[in-house]
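First comes the structure, then the notes that go with it.
Note that the chains take the letters A, B, C, D, E and F in the order they are written out, and that residue 1 is the start of every chain.
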Amino acid sequence: MSDDHGDVTGAMTFIFEAGVLKRAARTGWWFAGVKHPESIAEHSFRTALVGMMLAAMEGADPARVSMMCVLHDTQETRITDIPHIARRYLTAAPNTAVTADQVAACPPAVADTITAAVTEYEAQETLEAVVARDADKLECLVQAVEYRHQGFDNVQRWIDSSRAALKTASAQRLADAALAGQPLAWLTSPSSQVERS
Amino acid sequence: MSDDHGDVTGAMTFIFEAGVLKRAARTGWWFAGVKHPESIAEHSFRTALVGMMLAAMEGADPARVSMMCVLHDTQETRITDIPHIARRYLTAAPNTAVTADQVAACPPAVADTITAAVTEYEAQETLEAVVARDADKLECLVQAVEYRHQGFDNVQRWIDSSRAALKTASAQRLADAALAGQPLAWLTSPSSQVERS
Amino acid sequence: MSDDHGDVTGAMTFIFEAGVLKRAARTGWWFAGVKHPESIAEHSFRTALVGMMLAAMEGADPARVSMMCVLHDTQETRITDIPHIARRYLTAAPNTAVTADQVAACPPAVADTITAAVTEYEAQETLEAVVARDADKLECLVQAVEYRHQGFDNVQRWIDSSRAALKTASAQRLADAALAGQPLAWLTSPSSQVERS
Amino acid sequence: MSDDHGDVTGAMTFIFEAGVLKRAARTGWWFAGVKHPESIAEHSFRTALVGMMLAAMEGADPARVSMMCVLHDTQETRITDIPHIARRYLTAAPNTAVTADQVAACPPAVADTITAAVTEYEAQETLEAVVARDADKLECLVQAVEYRHQGFDNVQRWIDSSRAALKTASAQRLADAALAGQPLAWLTSPSSQVERS
Amino acid sequence: MSDDHGDVTGAMTFIFEAGVLKRAARTGWWFAGVKHPESIAEHSFRTALVGMMLAAMEGADPARVSMMCVLHDTQETRITDIPHIARRYLTAAPNTAVTADQVAACPPAVADTITAAVTEYEAQETLEAVVARDADKLECLVQAVEYRHQGFDNVQRWIDSSRAALKTASAQRLADAALAGQPLAWLTSPSSQVERS
Amino acid sequence: MSDDHGDVTGAMTFIFEAGVLKRAARTGWWFAGVKHPESIAEHSFRTALVGMMLAAMEGADPARVSMMCVLHDTQETRITDIPHIARRYLTAAPNTAVTADQVAACPPAVADTITAAVTEYEAQETLEAVVARDADKLECLVQAVEYRHQGFDNVQRWIDSSRAALKTASAQRLADAALAGQPLAWLTSPSSQVERS
């Protein structure tokens, strides 16, 4: 354990480390032909938004889900985003082991908070953890639909594998809506509060 | 819980709308010379991570803070990221009005969840809201430090204005650590759990 | 008013300010799915070229139109490119007020020249101003067609709104040609002057 | 005036051709280490703005200079931006020959307008042509200064060669101001018209 | 001739020069609508891979072909990638003259090695040289197919001209396979060695 | 083994697979702050060029080294570029196992050619293999120097680790020249062959 000053430095070190996720690509999209795919941070952001929405629909705790979603890929600062095909060739330590290293120098309250959320997510035993994972998969499906609207014609396998992994009814219904929908529908949504006032 | 079909479509429409934040730039960095700055989604992701850490240090609720951070710039799908200088020339509706439009077609449970969090954040009256805003400012400061390490020499005003806006002691101490620190320190952190095992 | 040395510094300050337009995106394209859209500078360049061509076709002054086109979005260094949907939520000062600030420290001859052209453009009372605005809209339509050829399938609303805004017969006929045409037709144009010689 | 249908198609073909300049890089910056340099369109836009300012300072016609600046690199759709070192190895047809091919299918009024401006610019015999070329060189110098502020430390040769090529006193004084100045000075300019009102 | 220390400096100078090819675009793709096309280095890499495969199929020396492919566009540090249409307007020195300048300060063994390979490639008189050029053309065809899968609908002329230039039967059969194939087929290839073990 | 038509399809499938290396980043640079680093293809290209130069200096076979360099990272289509820190957490199959899968459907002559070169490289028992690995390390060092000239101030660890791994005297002397040198020195090299003629 470190003294208080070291704790703060340790927390800052982890914040800098997380900056890698703004630069690191979701590598699977390289296969689909995307030269500069979304970053892991971008995926995690919308996963957290989707997660809190799904939680509200499924009667889970939106804040807890949102927090787990923010953390769900943070290990990728150290192991990057391993694409599906790589699993034939690579064996990885559990995510909880990576997180343990990442927060080792953080203040105990920070380390405990993050460790508990990652542990809960990885165990997949609470409704919140299940909803958070569904958010991860649904976000991937939606991004695949968006890449298709941007011209990439090789995204069907991402849609199919994401759709198949969904566990909650709300996520499955949202996936159906995504596949039936149109990314720009919101631009023609009914007149706004502001306009009405 | 809701199972109206239109509700699900409305939720999906908002998820597509949020996709804009993966593409939309944090516009302030254009002034600092960055051609392709971080996206709003990238900023929001790390803000949420910083927020939960700050919450743990300040005795606030990390999950609630994390959720508010995820939402804090979601209005920018509709108004973009207005840079500081633009405030001389533009008058904007309150963020709560934008959020009201964004969630109008969502299932009530979703709309209520998001509205409550945005309203709390904008009011700045709870510890969680204050911590979430500190996370927003601290994240900007850290990004400025990182851009300086990437060669951009015109970031001091972002550091200064972010530092001056911090309210909590933990955020202030983290800012000091950021300014004294080094983005790559974590690469030489002590041997890992895995290596020890 | 400033002395001569200050004038030159003021002019240089405005030139640096205009550099933002090389980095700042035409934000509307973020909605259409474009991660890194054209810059405002790129749009303004071709608008000026289109403007001088339209002027020649409509019997207006090509040089004057070209100059107004170069200036028509220069205010966006300070207010960025406000997308259409944002107008529900934002109220902006007139462009002439922004220009007044931008040229306040320039030599009087420079300030007067720019102010006069911006004022004429914003008033939309001369043929040159009308042609310049048509060039702005037509350039947007052509860019939409090009993005469609690059794979983006959500550009129809930009085509429709641009087409509807055109005032001159020449711009309308050019828009029809754009919609019927092909961006690469010029590569197979008849043998060149040089080859014939 | 022309109303031949082929003419309009020809004009549109040239407008599509000019779209290449939004994508084509100013190749010299590749040597300075810039992976994705400014486009030719971006350079041409600010050249036109600088040109009208220089014209106002030198007593030349700002509109005419602006128009020549917009056109000064349009030949590069067909020959790209040949970097300085390539001139050891390449011999190029005159720009007027390229322009002749580009406008051959345009309406005569368009072709005549563009041809006259390019011819005047290439001949370098009028004050407007000299000012337009100074704008081209000064814009390059300013961009070099900006790239240096963005971290690129190998731009001195672009500054030196651009500075040496300047002919007018105003351009030389602006170059001195650029080298003494700071790209962000405008952000702290005195309070605006709007704020005062 | 230079002394030993100068030789090493000369070799290093050429290695730095080759770094330009990582930044320099294959300019032809700008016409097809690609804002940030592959670099010359990227094209050359896969050309070398294709070349060694073609060599194995045609009974040529794979290593020799691979080496010629690596070198085949290295002159473009100095003359950039001249697009097809530019040949109407530009006359270029032979590639061997550019190479001679590039290696003039290298150690004699290096200069001789590179000169011999470039000379052999340019003469197109050996099977290895013919196979290397076929690799260049086939790589372009494959990239065109990939860009089409990424949404760009204007690549047919690159496919046609590349296909027409192929000389060897193996390259022609590979081109047919490329046009009939699918860039992602490998992701569903039969179970791997590793999985079987 | 497959029939002839299947062989060609298998070869084409591998060529498409290699296209991933044009899009996949050298992930280590994300840590150094580079948002869009060089691709694996770009690194491999210059590695092959450096390799043939080193081979000439060390008396090895330049063509064989060049071929091994082209192949040395081709496994990364399936496992991506695993950064150094990830080795704490990941265990990977040997590269030869990945290559075996990649070429399994290729014509036997192709499969044998590639397998032999990869096997030789991985064994590191021939002079050519040692020189090829030195080329890999030296290329990384040179890229680090170039990124430093582009503003990234956190590259020293890449320079140090690459320098320490070099085995041949020529590579060590070239590394010293790189650290003493300047990426743009070649632009002011003595007058060219062409100029002299």
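Operating definition for what follows: a contact is a pair of C-beta atoms (placed from the backbone, for glycine too) under 8 Å apart; a residue touches a chain by one contact, two chains touch by 3 or more.
From a predicted model like this one, the values you see are computed outputs, not experimental measurements.
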| item | value |
| --- | --- |
| Taking each chain's C-alpha mean as its centre, the one farthest from chain D | A |
| Most distant chain from chain F, judged by the mean position of its C-alpha atoms | C |
| Pair with more cross-chain C-beta pairs in contact, given B-D and A-B | A-B |
| Distance between the centres, which are taken as Cα means, of chain F and chain D, whole angstrom | 39 |
| Euclidean distance of C-alpha centroids - chain C vs chain F, Å | 45 |
| Chain D and chain E: spacing of chain centres that average the CA atoms, whole Å | 33 |
| Junction residues of chain B, two or more chains touched | 22, 31, 33-36, 85, 88-89, 93, 97-98, 101, 146, 150-152, 182-184, 192, 194 |
| Pairwise touch network: line, ring, star, complete, or other | other |
| Touching residues on chain E, where the partner in the complex is chain F | 8-9, 11-19, 21-22, 38-39, 41-42, 44-46, 48-50, 52-53, 55-57, 61-64, 66-67, 70-71, 74, 77, 93, 97-98, 100-102, 104-107, 109-110, 112-114, 117, 142-143, 146, 170, 173-174, 176-178, 180-186, 189-190, 192-194 |
| Partner chain F, residues of chain B touching it in the complex | 36, 146, 149-152, 182-184, 187, 192, 194-195 |
| Partner chain B, residues of chain C touching it in the complex | 20, 22-25, 27, 30-31, 33-36, 78-80, 82-83, 85-86, 88-93, 97-98, 101 |
| Residues on chain A engaged by chain E in the complex (per definition of touch) | 31-35, 85, 88-89, 150-154, 157 |
